[in-house]
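Quick notes on the structure that follows.
By letter and in written order, the chains are A, B and C; residue numbering begins at 1 in each of them.
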Amino acid sequence: MPAAEVQVPRWRETVAGPYLMLAPAVLLLVVMILVPLALVAATAFTDWHLGGGPPQFVGFETFRTLLEDQDFQIAVWNTTRYVGLVVPATTLMGLAVALLIAECGRGQALYRMIFFLPSVATLAAMSVAWQMLLSPSVGAVPQVLRLLGFAPGNWLQDPHAALPALAMIGIWSEAGFAMLFFLAGLKTVPHELVEAIALDGRGSVVDRLWHVTLPHLAPVTVFVLVFSSIHALRVFDTVAIITRGGPEKATLVALYFIYQEAFSLFRTNLAAAATVLFIAVVLALSLVQLYVMRLGRSR
Amino acid sequence: MTSARFARLARHFVLVGGAVLVLLPLLWAIRISFLPAEDVFSPQFRLLPSRWIGFENYARALTASPLLHFLANGVLVCVAIIVCQLLVAIPCAYVLAKARVPGLRLIWLAVLVALVVPPAALALPLFIMAAQAGLIDTYAGLILPWTVSPLGIFLLRQAFLRVPDEMIEAARLDGLGEGEILVRLLVPMISPAIGALVIISLVSHWNDLLWPSVVVTSGAKATPPFGVMLFQVQEIGSDYGPLLAGALMIAAPLLVLFVLAQRRFLDGMTWLGSK
Amino acid sequence: MRSVGAGVSALSVRGVFKSFGSGAVLADIDLTVGEGEIVSLLGPSGCGKSTLLRIVAGLEQADRGTVQIGPRDVSGLPPGARNVAMVFQSLALYPHLSGRQNISLPLRARRLTRLQRLLGPLRLWSSARSIEREIDAAVDDIAARLDIEGVIDRVPARLSGGQRQRVAIGRALVRDSRLLLLDEPLSSLDAKVRVQARDEIVQIQRAFGVACVFVTHDQGEALAISDHVAVMLGGRVAQFGTPAEIYRDPVSLAVARFVGTPTINVLDGAVDASGRVHAAGFVLDVRLGIPAGQKVSVAVRPEHVRIAAGQDESRPVLRVARIEDHGHDGLVHLAGRDGKAALLVARAGRALAFQPGDEVRVSIPAEDALYFSEDGSRLAGLPVAIAAYARG
């Protein structure tokens, strides 16, 4: 029988359908994210100030000005110090709490809830609470220290102690996430390895920890480090509520610097340039995170 | 006492101690919110207030500033954002996961780029755009930038990918229309992912301080965190009792929700982390 | 081939071609399934049988050719409009719906408008209500016939594998369509359960009388339950016929090799000057009508290989290499006297009578063997006696 040469009349899978479903998302992505991204990148290469005249292209001049700006340098330094204080501590605390909680049969849910609470609590509101907690006149911490015989300083007003104080609040706020991720990782520790080690006669807690648990948690740890770093970089709420960049710029962090430049000083192009650099750093970290996630999944 | 017993006790001891420390800011704030003004600054440490003032501080917080209004704004804005995010992300994620039309790779790339950009970095250009569009100090200005959630699209696409194609084909053979398949079959099937997204979005946008403080200029449109900022500059800012009462009331809704639905919360957050 | 006669067939595929990017998957497929028949698409993985099934269902589009279901040409119709029922390999049951809701879905999709379906729970239309009652009755009926009425309101997760399969079949059959498609429905079951499930499917099919196209790579299954089998190799229908025809009368060496467990024995041979066939020491008295010197493949089923007692000199001697005792019968693997490689496998009623190392005389009846030319196509062989008669 000769093959039919007629083209099959295809029923038309409406091409319109999928594109209609994509349209709102695509439109919004472009308008709300891609356009602003382009805008901020473009502004960084001009001399534009909000409310000023039309922008002029100035090449890398703005970046040069930015890098030489003292406040910017302070902000970079402060942010780096902040991240350096928060990330290791958050990771360690998260790990420690997770290890402790994982062993508890009952009460796990309760502990999980309590230790994650700070991550859910509105940081702006909790910043006020922390301010009270640390305040030498009203706070519990200074009072306890006084009882113990120490003389507490006014940390939040002290240029040397302000950033560490904010770091402590940051750790308090972020450790919950680290704990959750570690808890999830601990659930996947392969039982056979634990049993094998016990059979080898080295079933003590420390051995188990060292030989099985921690190596298994290595990818999760890297993930937590990167995740915490990205979050720590974005510190803003505590600065905005408690210290407002002070005292003496001790807590001037990246986002607060940008905020000030953009909305107080109206040096829009500088703010834009700083934003570009900020995005670059976060982008680099996020790529590391994606890479680690891929590695972790292929295990 | 056996070493296992001892270890267990020690563990609980440490955890309970840690729990108290972790809750300390909250507990301290609660304490101060029930203190009369004279007690707040008293140099002696007393656990209990010298006189019981009941909810006086709370009442003052409510009258001295439009706190309930802030909370209402928070609810309005968050609900609007979440609804919009779902309406936008669900169809988009479905197409990205299941359709075979040209251009999807480009769009997916755009989603990934958007995923990586920190929202705070867009505050400046979004502000400029909002100013041009006359959306400063409006609900639209608070809501619109967040109606598309790259994370949401990412998560939902993952979830859709896990639905076997055969199920969709069976539904087509049964005679269901594409929209019906999506809404009545697929959305219920990916409800854990949707739940996780709702929670993540809720927490993130209720607690957001940066964008509201950029786009809102008057108290009328303030969301809860920005409301806290406004407290500080008002008279109430020096009155610690009511100040903390106000701050607590602002943090309370999410905390209560969290305590009530903590299973959902934590499972959602863990789920996010494992992806 | 059973004649379809004047009636309209349940399925008629003509001239279907299909390629995916890299290459042709289906070429020139012609297939007919009569009313109430079971037809298997049998072939190794990658032969295109699943693709063909999906083209019939409308889930894929053929590049060329037509598909006709009953009297209708459905080639241009979307899957939902073809009234074809399909059971997927994974069953594809909707996990959040109960068995009843799964089964009633196709009926609701067809008999209620979209708006009625949407606002169903509100029970606004009396016509909708009565349709829903009808649908419920239909579901109950099917559930009773499939013996799942007790569990019909559970979700798939709470059903056993067999119950789930019956829900999937129920969903397919409730629509009263002319054609039921099954995509490897048994491949995920263990061997023991598979036979039982297979018989159940046949029983159900006979009870409902719906034409059925069954895709499988298991030839035992296909031969056991089908009215007709389409052996598919390399994207083409190598042979279409009854199980008996496929087994006893394969049109090509490839088909002969694919069908039959254990695989058919194939010996390389050639035609000698006198027209007889020589292969591996066997001489077969058969006239193939091809010139001397031509290569021929001689294929013989294990059950036709005779291990003879006695010392008939005309029969070659082979050595027993290995015995397989299956209880009710056995296989004897025979190798050349000095060679190690197994040459033939014979099915023997009393395999235990032989020991590895035994030397036996083996014969192949010429009339039972199958002959194929060098290119694999079948040669008709006349046994000498008949040939002589024909000549004489």
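Odds and ends about this structure:
The definition used in the following text is that a residue touches a chain if its C-beta (ideal position, glycine included) is under 8 Å from a C-beta of that chain, and two chains touch if they have at least 3 such contacts.
Remember, predicted model here, so these are calculated numbers, not experimental data.
Taking the definition of touch as given, a chain qualifies here only if it contacts chain A and chain C alike; those chains are B. Chain pair with the highest count of contacting C-beta pairs: A-B. Here the spacing of chain A and chain C, counted between their Cα centres, is 59 Å. In terms of their C-alpha centroids, the spacing between chain A and chain B amounts to 15 Å.
With each centre defined as the average position of its C-alpha atoms, the distance from chain B to chain C rounds to 58 Å. Across the assembly, chain C contributes residues 58, 78, 81 that each touch 2 or more other chains. Those residues of chain A whose C-beta lies close enough to touch chain B in the complex are 15, 17-19, 21-22, 24-26, 28-30, 32-37, 39-40, 43, 50, 97, 100-101, 103-104, 107, 109, 111-118, 120-130, 132-133, 137-140, 143, 147, 172, 177, 180-181, 183-184, 205, 223, 227, 230, 233-234, 236-237, 240-241, 255, 258-259, 262-263, 268, 271-272, 275, 278-279, 282-283, 286-287, 293. Chain B contributes residues 164, 166-167, 169-177, 180, 185, 188-189 to its touches with chain C in the complex. Only residues 57-59, 78-82, 84-86, 88-90, 92, 94-96, 105-106, 109-110, 114, 117, 171 of chain C touch chain B when the two sit together in their complex. Taken in their complex, chain B has these residues touching chain A: 7-8, 11-12, 14-15, 18-19, 22-26, 28-29, 32, 40-41, 45, 87-89, 91-92, 94-96, 99, 101, 107, 110-111, 113-118, 120-129, 144-148, 150, 153, 178, 203, 206-207, 209-210, 213-214, 224-226, 228-229, 231-232, 240, 243-244, 247-248, 250-251, 254-255, 258-259, 262-263, 265-266, 269-270, 273-275.
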